[in-house]
Amino acid sequence: MKKLRILAAGVLAGCLALTACGQSGSPGASAPVVSETAEANVTVAGSPTFDAMKARDGVVVGVKDDQPGLGFKDATTGQYSGFDIEIARLVAAKLGFGADKITYKTVPSAAREDTIARGEVDYYVGTYTINDNRKKLVSFAGPYFVAGQSLLVRADDSTITGKDTLKGKKVCSVTGSTPIQRVREQGLTDQIVEFQTYTQCVDQLLSNQVDAVTTDDAILKGYAAQQPDKLKVVGETFSQEPYGIGLNKDDAALRNKINDILQASYEDGTWQKIYDETLGKSGSPASPPAIQRY
Amino acid sequence: MNVLFDNLSLYGNGFLGTIKLFLVAAVGSLILGTVLAGARVSPVPVLRSFGTLYVNTIRNTPLTLVLFFFAFAYPRLEIADVSFFWRACIGLILYTAAFVCEVVRSGVNTVPVGQAEASRALGFTFGQTMTEVVMPQAIRSVVPPLTNVQIALLKNTTIAAGFSVLEAGGIYANLSERGYNVFVGLLWVALGFLVLVLPLTLLQRNLDRRWSTAR
Amino acid sequence: MTAVLYDIPGPKARARNTILGVVGTAVVLAIVGFVIYRFIETGQFEGRLWSWITYVNIQYLLLEALWNTLSAFAVAAVLSLVFGAVFAAGRLSEHAWLSRPSVAIIELFRAVPLLVLIFILFFGVSRGLGIDIPAYWAVVLGLMLYNGSVLAEVFRAGIRALPKGQSEAAYALGMRKTQVMTNVLLPQSLRAMLPTILSQLVVVLKDTALGYIILYPELLYQARFLGSQGQLGAPILQVAMVVAVIYIAMCLILSGLSKLLERRLKRSPKAVGTDPKAMNEAKGDVLASQAQGGGGGAL
C-alpha cells in the first residue's frame, strides 16, 4: 500500500514537472477563410435574442468541437475551424459582431434544444439536421448545407460500395444517432456497433473491429481528408440531411434576418468560397441549397 | 406518455439488453469473486498478495476505464475476436468481482473462530474447511450485502451503452435524435430501473429478516 | 480469522506453495508482458501518438480539467458530509414529522441512478421551475444528494454502534436531546466511522466523471476531446492511459489515507468500544455504493 502511494505521488509529480516545459503552436495551423468585417448599425426589430447580444456586446455561438472540417477546436492552439464555424462567423459579422466578439460554446447533441431554449447560446451551428420534431422546440434558419448519409471504409476495402453491400458487415456510428437508427430500421445489416463519438468509430475501423462507419457525408469527408491513405468515403448518399442554424423558437425576426444573410452569401459567392476552402478540399463540389422560409 | 409508447420497442430492446448483461455479469462476478475471496484467505502467500493487489487496484479504478480497455485496447492484442457484448460482460465481471470478493471475505470473518478450529481439529484440509464448514455459515451474512453489490451492478450496466452494447443507458441518446423530450424519456428509464431494483431490494430485506433471526 | 483456516504449512506444503507462487507470478508477468509487447508491436508507444503531451495548451487543458475534477469533488464532499449529518440526525429523531421525511429522502436518492439525478438537476429544474443550474452545480448537487444519503446511513449506523452508556450518561448529566446528539453522539460516531466515510469519498471522486454528460469539463471529458484530435494522430488509447493513471493515483491516495486513519484510530486511547456488527453493516453499505462508483459513461 505504502509503495503504491509513493508511486502515485511520483506519477503526479512527473505530470506537474512535464507542464514546466513544452511547445506551443499547432502541427497544422488553420487561419480563418473569410475575414468579414463586422457590419455597422445593424438592427433587428422585435428580436429579443438580438437585443441580448447588443446588451452584452458579444455573440455566444453553440458549436461542435470534435468534427474535423466542420466544427473543430484545435487543442494545441484553442482555435476553432471548419465549415460550420465559418458560417457562424459570417452570420455574426453580418449582425455587427467581429470575430473577436464571438464566444464559442460546445453543446452536446442531447442538450441542443435545451441550450437554445434557455438562451445559453444565441444561435447554434453544428451539423444540426432540420426536422419536424425539433421544430416543436426550436426554429431553424437555412438550410445552409444539405448532407446525406454515406459510408466511410478502409482504403484497401473494395467489398463495400454502397448501402446495399453492407449485409453481414459491421457498421459503426454514434450511439442512438439517426444514421444508425436508419441502418437498423432498413435492415441494412444486423451487425451494429455504437460508440460515443465518430472518432472512436474511426479508431475501431482502423483496428479492423468494424468494416464501415456511417453518418452524414460531410462528417465522413473530414476524417477521410485527415488520413487519405487509410480511409475513403464510398457510395451514393442515401438520405437528405438539411443542416440548419438553430434559433430560439419564438424569435422569427432573427430567423428572417439570418435567412437574409445566408441568401445574400449564396448570391455574392461568399458561401461558395467558404465551402471550397473547408469541406470542398475533400474533392467533391457543392452548391448552396434553397432557403426554406417558414 | 407519448415518449414511452412511441418508442416502446426501443425501451423493450434497451431493457432486454440490460437484463441480459446483468444476468451474465451477475453469475460471472459471483463465481470469480468467490474464487478471489478464496485466494485472499488461502495458505499460499503469493495468491494472497495477488488477490489483495487485484482488489485494491480494481476498487480504485473507474468502471469506464475498465470497459474502455476492453473496447479499444483489447483489439490491438489480437488474441481472439470477441463480440462487444461479451467484452462488456468481461469488463463488468472483472470490476464487480473485486467487490464481491470483499463482501465474501468479510462474511468469512463473521464465522466464529471456533468453527474453523474445530474442523481443523477433525483433520479437514483448507478446501474442506472452506466448502464444508465456513462458507455455508458465511453465506447468511453475505447475501444481504451481496444483493446490494448486484443492485449496483444492475445500475452499472448503463455504462456499457457507451461501448456498443444496446441497453437502457443508450435510450436517451436515441430519443434525443428522434427529437423527443429527453428529460421525460429519462424519467421512464429511471422508473424502469426502480421496477428492476425493487424485487432485488425486497428479496434482500426478506432474506435479511429471515436469516438474522435464524442465527 | 484467516490464519485459523489452515494449519501451519509443513515442508511438503511449503514446497507446494512455493511452486504455486512461482507459477502464479510467471502467469501474471506473462500477461502483463504480452499486453506491453502487443502495444509496442502495434505502435502504441510511437512518438507521434504521444506528442500531444508536449503542447503547453494541452498541458494547461489537462491541469484545468484536473482542477475542475478536484474542485467539484471537494465541494461535493463537504456538502455530502453536511447533508449526511443533517439527515442522519433527522432520521434518528423521535418526532415522526422529522424522521419520516428524512427516511423518504434518504431512500429516494439512494435508489435513483446518479446520472438521472444530474440530468434532472440540469434540465428538469430549469424547465419545471425556471431556475437555471450551471453544469458545475448540477454535478455537485447530484453528488451531494446521492452520497449524502449514503453517508446519512453510515452516520446512523455509527451512532447506533455506540455503547448505550454514552447517551445515558449524557442524559444523566442533564443534557438535552440536541445536545446529546451534537456534543456526544455525532462526534464519536464521526470518529469511529472516519475510515468508512473516506472510502465513500472515493466514490464521490470517481463519480465526478459523470459530469461529462452535461459537458462539465472534467478529466474524462477532456480526455474524450483530446482523443478526437486528428492532427495529433487521434491518441484515444494514449490519453486514456494517462487519465487512468491520474484517476487511480488520486483514488489510491484517498484509500491509503482511510487505511492509515483506520490503523491510527485503532491505537487511539480515545476510541470507545463500538458494536462491530453495526459497524460492519455500515461498511457493507459503503462497499455496495462503491461498487457503483463507475465513473459514468464512456470516455
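Chains here go by letter, A, B and C, matching the order in which they are written, and residues are numbered from 1 within each.
One rule holds in what follows: contacts are C-beta pairs under 8 Å (C-beta built on N, C-alpha and C of every residue); 3 or more make two chains touch, one makes a residue touch a chain.
Quantities reported herein were computed from a predicted structural model and do not represent experimental measurements.
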| item | value |
| --- | --- |
| Best-connected chain pair, where connection means C-beta pairs in contact | B-C |
| Innermost chain by mean C-alpha position | C |
| Chain A-chain C separation of Cα centroids, rounded to whole Å | 36 |
| Length of the line joining the C-alpha centres of chain A and chain B, rounded to whole Å | 38 |
| Chain B and chain C: spacing of chain centres that average the CA atoms, whole Å | 17 |
| Per-residue overlap in chain C, given as positions that touch at least 2 other chains | 123, 127, 236, 248, 252, 297-299 |
| Junction residues of chain A, two or more chains touched | 1, 4, 110, 195-196, 200, 203 |
| For chain B, residues contacting two or more additional chains | 56, 72, 76, 161-163, 172, 182 |
| Chain C - residues contacting chain A, complex | 51-63, 122-123, 126-127, 132, 213-215, 224-232, 234, 236, 245-246, 248-250, 252-253, 256, 259, 297-299 |
| Contact footprint of chain A on chain B as seen in their complex | 56, 71-72, 75-76, 84, 161-164, 166, 170-180, 182 |
| Contact footprint of chain C on chain B as seen in their complex | 40-47, 50, 56-57, 59-65, 67-69, 72-73, 76-78, 95-96, 99, 102-103, 106, 108-111, 113, 116-117, 120, 125-126, 129-130, 134, 144-145, 148-149, 151-153, 155-156, 158-159, 161-163, 169, 172, 182-183, 186-187, 189-190, 193-194, 197 |
| Residues on chain C engaged by chain B in the complex (per definition of touch) | 1-2, 4-7, 9, 13, 17, 20-21, 24-25, 28, 34-35, 38-39, 42, 44, 111-113, 115-116, 119-120, 123-124, 127, 202, 206, 209, 220, 236-237, 240, 243-244, 247-248, 251-252, 255, 280, 283-285, 287-299 |
| Chain B-touching residues of chain A, taken from the complex the two chains share | 1, 4, 109-110, 131-134, 136-137, 172, 174-178, 181, 192-196, 200, 203-204, 207-209 |
